[in-house]
Amino acid sequence: MRVRPVRATDLDDLIRLSAKAGKGLTSLPSDRTRLAARIDHAERTFKGHNVYGEGDFLFVLETDDSQVIGMCGLMDAVGIQAPWYNYRVSLSVASSDTLGVIKHQDILMRSNDLTGKSELCSLFLDPGFRGGQAGRLLSKSRLLFVAHHPERFGDSLVAELRGVSDDSGRSPFWESLGRHFFDMTFSDADWLTGIGNKRFIAELMPRYPIYTTYLSDEARAAIAQVHPDTQGARRLLEQEGFHYNHHIDIFDAGPALECPLDRLRLVNDRVSVTLATLEGSVKSTLAEPFLVLAGELDHCRMTTALAYMKDEILFVDDDTLRRLECLTGTTVSAAPLAATRQHRSVS
Amino acid sequence: MRVRPVRATDLDDLIRLSAKAGKGLTSLPSDRTRLAARIDHAERTFKGHNVYGEGDFLFVLETDDSQVIGMCGLMDAVGIQAPWYNYRVSLSVASSDTLGVIKHQDILMRSNDLTGKSELCSLFLDPGFRGGQAGRLLSKSRLLFVAHHPERFGDSLVAELRGVSDDSGRSPFWESLGRHFFDMTFSDADWLTGIGNKRFIAELMPRYPIYTTYLSDEARAAIAQVHPDTQGARRLLEQEGFHYNHHIDIFDAGPALECPLDRLRLVNDRVSVTLATLEGSVKSTLAEPFLVLAGELDHCRMTTALAYMKDEILFVDDDTLRRLECLTGTTVSAAPLAATRQHRSVS
Amino acid sequence: MPVVRTATFDDRPRLDALRSRLHPWWPQDTLDDALCQLADPCADARETPKSGHAVILMIENTHGDIVAFAALALGAVEGTPPFFSFHRDRITSHSHALDVHRPLETLGITNALTHHIRLGPIGLFDTADVETTQLLAAGCLGYLLTANHARAPVLCELPGTSDAHGESPFWHGVGGRFFGVSHARAEALWQARQRDFLADMLPLYPLYVPLLPETTQAALGVEHETLTPWRHALEALGFVESEYLDIFHGGPTLIATADHLSARTRRTQATTSPPPGSLWVRPPSATTPFEAGLLDTDQDTAFEPDALIQYFEAPYPTSASSAGDCR
Amino acid sequence: MPVVRTATFDDRPRLDALRSRLHPWWPQDTLDDALCQLADPCADARETPKSGHAVILMIENTHGDIVAFAALALGAVEGTPPFFSFHRDRITSHSHALDVHRPLETLGITNALTHHIRLGPIGLFDTADVETTQLLAAGCLGYLLTANHARAPVLCELPGTSDAHGESPFWHGVGGRFFGVSHARAEALWQARQRDFLADMLPLYPLYVPLLPETTQAALGVEHETLTPWRHALEALGFVESEYLDIFHGGPTLIATADHLSARTRRTQATTSPPPGSLWVRPPSATTPFEAGLLDTDQDTAFEPDALIQYFEAPYPTSASSAGDCR
């Protein structure tokens, strides 16, 4: 398996994939024209032909027999070409000596504060391949790409995670807040955003802060919570250095996780190494899973490999060389696949 | 030199010290009654008699001949007993298809978002002892104290750094903004805050966000900038894991640096070790400067020592044992004094 | 015909006794001020008002019982402490692309009414008595038209509506969420003029009306039902419902500019016979308080001009005058 | 005596030619609407207004030249696109402990005036001609009092003041910082009814007036100097300066409720001789447009009652009527 930039020839595979995606993935519409346009745009992005703020790095995950089974994306900088909206979850504290009271109120403030950050987006893996290493490769490969090409991205990454909704797609946060302002259903709003029509957000979202005391209990409880299906993704990102910094999605209140580039685990762990092979297999006790990137931009390939590193040489097996289309002696970017040192949690 | 909790008997020394402090240190008033009350309160805090949100951990730095030459403090949680105010520097982005314009405006929003965080405060070092190790010990010792007693503090630390002002104490930010709302001079406002009278802030500070386009160029330039004298302190805190997270002081726009406890360098680097001495000096090539804390709460002592660590044993010299009032075999908290791995900066 | 007159210090015990019968949501500070200032009958209503300057106008029945009274705070001067209201505003959000128009009401805090003259509390002990209600309102109007106060606008904040349990749905949806104390406690502190807590605790930002509980929304600008006749009397005099609401109960604030009041009621020359229903006003003299009344609409007694009395044309439509008042 | 009448389609070329003489800051959308709707002389002004419904009232001199005109937008109906104004509000910050009172003015965006009837632009080509100015205002009043439009309040937004270079100090301090385009470009788009940019770009939060440049502060609510006579004429009719400002130039918005307008001007019965200075109004007939005028104050000609004509008492104080209008 490997991850590589999307190509025009992937269109049919992606159409097939998108048919398997549920409502959760708004950014992968099963509309041929739209998807073709997106692929075309991504190809230009990888070639460096994008204007900063319009770059859309779209990758596919393919099996060793070249079957496309997943995709993931990276926007170079959001909010540059069009405003990017979140609520910021803030606190208002009031106190009165006369009353002997100090009162905390949570408020949601219209925010464009994520402007200029790079966004992780459009992750989708064929359900038949979930549970194994494929998901980790798909999700982390783009982080290694960022670590390898930091100059192409903002100084911080952000990932908006899917918020709480029930089986019928009903979002308690939307029912309690968005509905009053947008005059449409959650799925309509989500769909409009997915097809890139975001003007209506600026036009209709509340300009003044919202006191959460006016939301339903269910809606308040949904603030910054992820959908049960997304909890794994959240944990994975947190291990890579992402954290919740009080920004949420304006529709379903899902958390926006952020990570300054200089705190991205892969930025700190990435090293340039030379590829080599060992006699026989590298499945020794010294080997550990690595994430490896070879090539630049539109020519890049990324894969995971059981490997071991010594003196700036990464020892891999022949399959890995094949996946990376590399000969030994090639210099590549590599980092351990797993976050070795988890941040200690202090309660 | 060592750092230890303040005691009632330090009053005279601190009065003498405070006389040397300029206008910059509002939290160390040279008023005997007030200072005595603060010391008394701090002693109760170290004994665990404080209500959470009122704890004031005040330390002194003393020389080996017991001369008090500096102080530093830690509030356990701000904004619990009375509101805590900052401006949050935020961005408002507006765009119009009709105009073909996308416009970014910086705005300052009244914020209580630092509520519940622990605050570094009241750092002062006798000018005669600046430039050496004393400043680092004073500043970092309290971070080790936090790492050793995380349950006594909020889940994040904050340090409000002195903002830009000229030699006469004139703050361009105040002149352009605060003056219009507070109807007093910057030094009066600063003084009132210093003596703990903060009611007027809630009463007089603007409730609506401020568009920075209405501030003078000088005031805009001062946002989140530290006073030249404070640049060293800023760098030091940044090395320990602090970062600017868009909160500034409401009077002089100095940055509030924040650090979640789980990202505090000393939380991650602190280890429990057993003290031992080597034959002769520890000034071998293997030795490096360590920060060491012995004892708990009101009995704690902290110092720096050239030491080396092996298998959970810290080898120190006899002076260090004396400063820590420890025998060999005692278990202490220790961490390298310097942040060994600086965060790589990605431009 | 009954008259309305300014109260004097001799009236104080009777007025004090009537306080308990006032609706508890009337702000009583003006009444307190006015009771403290009760003076000679001949106190000059035309003195320059100062902060806290207040008077009481009252009506007695033929038995000499006080059947109605109104307090008026005239201290519309600089230095008056801020007066808090909710301002009911509207922002329309409009999406061209989606063809959506959503006029959104908001409630924001304002001190814009700080320098208004304040009318209230009023005591009307038989709310079905339209004649007394109208006379009381007309008497206040006459006082305002002739007294030498600054010509500030006049407001009357009416206590808001209550639910079946006598509680305020507006308090439930707004004050109760921000003040952190009981309605009774907040009321008591307000009446005791410890009002710093308003600026301290009221919401910083406008509230969106569609997010408020439905019972709260339904209470916006609705006066307590016992005060509807009083509201109608004020509206007939030129008061109009404003976009301001009482901060505790969401009752309406009726406002009239001095200009509009005088436009509604035109002074007529005392030499000609004023039409029935006209308002007459006698300024205070050395021995008599300010007095006002409405000319009987049916009576046929000959008109006797009095140089001290000023007449204003019918403030209320009467059968006789309605022809001249049609629009 | 000159009369004011509704324009008909025959007047269109002459009105079009006069456009270039209008102050460039007048919003011309109402005029555009009205010009498109110019119809038969007998078009019934009493038809139910719809969005975009607008008329022109005009005055000719004895040579038949148009010396003044005014456009009126009557479409105060649901579905009207949002109308943007700045609302000038006040928040007093008050520190008990420090004994500090700071009344702070703010400017916030509102759509509260969306359903108001709009008066303007007006063309007054000799601003020193008080008589024509008053007649034009009175004609608009007569039209509003007799036409069967919804009884919405009426607003007139006056173009704001300009500096020595003809530029708007208000635009410099406000619009210029938020729209990101030139004043001319913003004006042109507004006139072309491409107005989505207002909601898109206007400040989300209220601005503090004390932080605005001093020249901007000085321009708040100040009309362009050429319009002061027109402002005075409107104020005499019962219009009052409101807390709303024009979003581009900060000029004042004068407002009158239909109620206040009719209170100011009382209808008199056509069977008695109306006093000099009275406003007369003749509704449109099969052959004549709406016409209105003011009765000569000096003339002594005998009064000839006309059942079609309605009379209203003197809108402006005259030497003859002032005795009855004093307050």
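The letters A, B, C and D name the chains in turn, as written, and every chain counts its residues from 1.
The working rule: contacts are C-beta pairs under 8 Å (C-beta built on N, C-alpha and C of every residue); 3 or more make two chains touch, one makes a residue touch a chain.
Model, not experiment: these values are computed from the prediction.
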item: B-C or B-D - the one linked by more C-beta pairs in contact; value: B-D
item: Chain at maximum distance from chain A, centres defined as averaged CA atoms; value: C
item: Mean-CA-position distance for chain D and chain B (Å); value: 61
item: Distance between chain centroids, defined by C-alpha means - chain A, chain B (Å); value: 35
item: Mean-CA-position distance for chain D and chain A (Å); value: 56
item: Sites on chain A at which at least two other chains make contact; value: 92, 94-95, 97, 102, 199, 202-203, 207-208
item: Contacts with 2+ other chains: residues of chain C; value: 91, 93-94, 96, 196, 199-200, 204-205
item: Chain contact topology (line, ring, star, complete or other); value: complete
item: Chain C partner contacts - residues on chain A that touch it in the complex; value: 92, 94-99, 101-103, 105, 107, 177, 180-184, 197, 199-200, 203-211, 213-215
item: Footprint of chain A on chain B - complex, ascending; value: 79-84, 88, 90-95, 97, 102, 104, 109, 111-113, 115, 150-151, 155, 199, 202, 243, 245-246, 260-263, 267-268, 341, 343-347
item: Chain D - residues contacting chain B, complex; value: 91, 93-98, 100, 102, 104, 106, 177-181, 185-186, 189, 194, 196-197, 200-201, 203-208, 210-212
item: Interface residues, chain C side, partner chain D - complex; value: 79, 81-82, 87, 89-94, 96, 101, 103, 108-112, 114, 145, 196, 199, 238, 240, 243, 257, 259-260, 262-264, 266-269, 323-327
item: Chain A contact footprint on chain D (complex, rising order); value: 196, 199-200, 204-205
